[in-house]
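Two complexes are shown next, each including chain A; its partner changes from chain B in the first to chain C in the second.
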Partner chain A sequence: MEAMPEWLTAAEVYDPPTDKDRFIDKSILSFIGLISKIKQQSGREHDRLWVSPVFKLAFTILYIVLVSSTREFTFVYIMLTYIVLVLAALPAPDIRKCLRGALIATVFTYIILLPSALHGNSYSITMIPVKVFASITAVNILSYSTRWDHIIASLKRFHFPDMFIFVFDITIKYIVMLGEFALQMLYALKLRSVGHNKSKYGSIGGVGGTLFLKSRAMSEEMYSAMECRGFTGEYHVTDKFKFSVYDGVYCALNAGFIWMFVYFQNLA
Partner chain B sequence: MHIPDNYLSPSTCAVMAAVMVPVWAVAIKKVKKEVTKTKMPQLGIFAALSFLMMMFNVPLPGGTTGHAVGGTLIAILMGPSAACISVSVALMVQALLFGDGGILSFGANCFNMAFVLPFVGFYVYKFVKERFASKGGETAATILGSYFGIVVASLCAAVEFGIQPLLFTDAAGQALYCPYGLGVSIPAMVIPHLAVAGPVEVLFTLLIVNFVKKVSPDMIEEAPAKKTKSIWGLVLALICLSPIGLLASGTAWGEWGADELAGMTGYTPGGMKNEMGLKILIPDYSVSGMPEVMGYIVSAVLGVAILVIVFKLIGNVKKDDVGVPAQAK
Partner chain C sequence: MIELQNVSYAYEGSTALDGIDFKIEKGESVCLLGPNGSGKSTLLKLINGLIFASSGSYLFDGEEITQKKLKDVKFSKHFHQRLGFVFQDSEAQLFCSNVYDEIAFGPRQMGMDEETVEKRVDDCLALLHLESFKSRQPYHLSGGEKKKVAIAATLALNPDVLILDEPMNGLDPRTERWLAAFIIELNRAGKTVITSTHNLELVQEISHRAILFDETHHIAADLPTEKLLENIDLLKKVNLVDEYYHVHEDHGHELFHIHNY
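Up next, the complex of A and B:
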């Protein structure tokens, strides 16, 4: 048996030069965050807060309109209390996620409005951050407590065209599919990025460009698959709407909010 | 550039949404002509693509990263109408499901990012590309298109912010929504876009367009060989739409009294100075016997006419330049 060559026994010291390639890590993180958010909520069997998604969507938009229109701090305060109360009914992980986005936006708003407050505009700094917090929390509660396919399907009740609902639904599904594909490319790029990567721009262009080509290919495939199954361009959304007791209570509660809004408007 | 709720007044949001309705209608009509009804699934996949394009982190010098919107990129890859629809759907997913960008301000966000950005970007791209039909010309077209697209979109957002304190104040003269006038909002929004976001957008668009051209050149949507006359239509629409927006908001342009101005200058002196400057710029503004609203419309029409004349003259000079060597041959 031949002796092992010397170069094989010598310990190899390879210290790759460090490189600033945080754009790969950051892109990977944003894609993972996105995909996990969609997957998490679609894995749920039931919606939280037993109200029909049709009403949830309608009244969430109503809260945002009312909060945005009012000039009465008392009304904003009441709405905020209600929204925080509903938030308290969610499980802890959802609360954390809801609050995270809302608090970042609120702090950002405070910072933006600070110079105007220093010039004596006290109204904006007291009202707008609270309104921003209430609006974003309301949308986040809707988003975290309801399956997204249910929200999309409830658009049917608002007379959105079926084709629009179809496109919207496809969008969510393909954000996950194309996102996973992009993620795999980014992992591959990360694994191969040892030492100094001279063509960072080439890499990102390649990943983005391939993603576009893949989306073209996927849409061709999907169209063919749908045609094979008899798709003629007509798409019908079935409406499975049932009015429950909870919906009744919820509607009554929201009628109360509208009354309160009108009352405060007249007071002003 | 996502405007959250409560920065703009609900009436501004309503006007912006109303402006987007005909834009969407025309875009859908155009797309339907190009994409048959049965190929509708494509729109969903393209919307997903536009959503994902916003997730990429572009490497910047010094190891930092930046985000691109990718509106012009999507418009170059699949045409401005398809870009308008897919970016709108992507924005709706963001607003409704991700809490990113407001629900009321959805119309305004669509106007800036799904209409102004891809259309301005695409038509600047097309305009330059047609005039300089070389490889370098195409690169220049991509650079200018994506840069102008995002900068003009940020300018639109800045104007939307900036008109808030002029239109919506309480009895004490304090702003009800965004408190900064045009003098603050325009530099605050446009300068970062000129300096940072614009170059990031250019870089990202250029990299991907170049890659796709190299790998699969036939994949880039070739818009119908119509000359770029439609850019004048766009300029016209943009100029016409802003006064309509102001009028529909319930306050006529230029109705602010001196005391109101003084009350507002308490915290937005820069923006007010700007407005006074505007009044001086248009002395014919309060023609006796003509309502101020009419005056505004007339000056908008005048502005459009002047722009058309200027651009026509420039176009004519260019044509002559091209014509001379051709005849000499």
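Up next, the complex of A and C:
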């Protein structure tokens, strides 16, 4: 064993300078937010919304199409009331998250439409923000009440190619894995940023470069692992779909919405 | 030097640390032992100021470490200089384009002139036998070499406390032996060393005190190392050893083997 250098055995006398490196903390927080969001969605499914993910996905898309296509105030407000009632069934923290995104988008829509309203176009400002709010809330409810893997698996019912589902599934998993690795790297950068960093962008570039190399290595390893397990380029998604009473009620409700949409269209 | 008073930490509803109380004095070499998921890595993150206790207090040199305090840039930088953390996955710790720059990253930030930086880097390279890797890209080194570079980069800051998270993971037996001897040397040189591990042979060699965590995220024991390793029932209870574990005079064996005597 080499002898310890003198500086390493003495106490370090160090007065650190101030430096603006809040960007590391902000990046850490955004990565933690992203990872925990995906983990939360993969970890649980609400037992308050019993409907099969296949129907949730299909009717959320239908909901958006109907709300976007109609020009009838009454129909839009009926749909808005319905989505608010569904939202009320979620736990309070999820309601807050769903509303936050929807309200931000609605406020932006109002701001964008304000000049049009000032020129006398009252239809746009009363109709479009409500449609935006209802549609985003519907997507948020789907996202917060259904696991990612269940949404992806339900794509099988819509005859999406297995390979597409596979790539989608793996992408989400890798976002989490690489996100965790990036978080570790940012922690390391934070711990070693003990003074004035003259090359902040260089350090972040280094983190990005290592992340790229890591992602390439991980993809190669995964390819090798799949080959070892007999992967020949075909990926089969197992469909475990079962029609329940709740699915029946949900389908009937949505059939009612379609009927209402047609009814109001004919009235116009 | 490091004091935890009834510290608990929960993340998204699940408890990672529950009512942790201990004190580590300057110059001690302490091992944190426990099964996977018992909260050792979380505790190390907390000691390094990367996360903060949900309840209880953490004191470093008598000063409470809080999120608010670490927002003071000067205090935060000095705190991080005094605590060196070697991650379990060394790969995540290396982000410079070559080994020299990796080790020089800290000293350069500390405002040292290039001559002093070079001296410090060369000393670290010699200490960890990395001279021939000076201009290599860290990412393309082997696991053991990456670990050595991560340790060198941490030591270049000359921290008072060296914290190692599962340092033996992924190392070959020879590097393991070398690293154990190196940790002992660092402790002899006056560094406070905190090592998280579940390698009982390493614990015997490098520390005089061991803190044992159980699966309920509590401290199950805080004893001198020999005393703790003698308590086989307790080690079995926390799932650190199985029924084949036994002790020959002063050395514990984890593997099943046949006695010829």
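Quick note on the criterion: the second predicted complex is superposed on the first by the 249 of 268 C-alpha atoms of A that agree within 3 Å, B and C clash if a C-alpha of one lies under 4 Å from a C-alpha of the other, contacts with A are read in each partner's own complex, and residues count from 1 in each chain.
Following the convention adopted for this analysis, a contact is a pair of C-beta atoms (placed from the backbone, for glycine too) under 8 Å apart; a residue touches a chain by one contact, two chains touch by 3 or more.
The model shown is predicted, which means the values in this text are computed figures rather than measured ones.
Trainee: Figure out whether A:224 sits in contact with chain B (first) or chain C (second), or with both, or with neither.
Mentor: neither
Trainee: Figure out whether A:81 sits in contact with chain B (first) or chain C (second), or with both, or with neither.
Mentor: neither
Trainee: Between chain B (first) and chain C (second), which, if any, makes contact with A:178: first, second, both or neither?
Mentor: first
Trainee: Classify the contacts of A:131 with the two partner chains as first (chain B alone), second (chain C alone), both, or neither.
Mentor: Touch status of A:131: first partner only.
Trainee: Looking at the overlay, what does A:2 touch: chain B (first), chain C (second), both, or neither?
Mentor: second
Trainee: Based on the superposed arrangement, let me know which partner A:244 touches: chain B (first), chain C (second), both, or neither?
Mentor: neither
Trainee: Looking only at chain A, is it chain B or chain C that touches more of its residues?
Mentor: Looking at chain A, the partner in contact with more of its residues is B.
Trainee: Who does A:195 touch here: chain B (first), chain C (second), both, or neither?
Mentor: Once the two structures are laid over each other on A, A:195 reaches chain C alone.
Trainee: Is A:213 touching the first partner chain B, the second partner chain C, both, or neither of them?
Mentor: A:213 contacts both chain B and chain C.
Trainee: Given the touch rule stated above, what does A:69 touch, chain B (first), chain C (second), both, or neither?
Mentor: first
Trainee: Check chain A for residues that touch chain B in one structure and chain C in the other, and list them.
Mentor: Looking at chain A, the two contact sets intersect at 21, 206-207, 209-210, 213.
Trainee: Show me the residue ranges of chain A that touch chain C in the complex, using the header's touch definition.
Mentor: So the residues of chain A touching chain C come out as 1-2, 4-5, 7-12, 14-19, 21, 36, 39-40, 181, 184-185, 187-198, 203, 206-207, 209-210, 213-214.
Trainee: Spell out the residues on chain B that touch chain A in their complex, using ranges where they run on.
Mentor: 4-7, 9-10, 13, 36-49, 51-53, 55-59, 62-65, 77, 89-90, 92-93, 95-100, 102-104, 170, 172, 174-177, 179-180, 203-204, 206-208, 210-212, 215-216, 219, 266-268
Trainee: Name, in rising order, each residue of chain A that touches chain B in their complex.
Mentor: Interface residues on the chain A side: 20-23, 26-27, 30-31, 34, 37, 60-61, 64-65, 67-69, 71, 101-102, 105, 109, 113, 116, 119-124, 127-128, 131-132, 135-136, 139-140, 142-143, 148, 151, 163, 166-175, 177-179, 182, 200-202, 204-213, 215-216, 218-219, 222-223, 226-227, 231-233, 235.
Trainee: Along chain C, where are the residues that touch chain A in the complex?
Mentor: Interface residues on the chain C side: 12, 45, 48, 50, 73-74, 77-78, 80-83, 85, 87, 89, 91-97, 105-106, 108-111, 120, 123, 126-127, 129, 139, 153-155, 157-160, 181-182, 185-186, 189-190.
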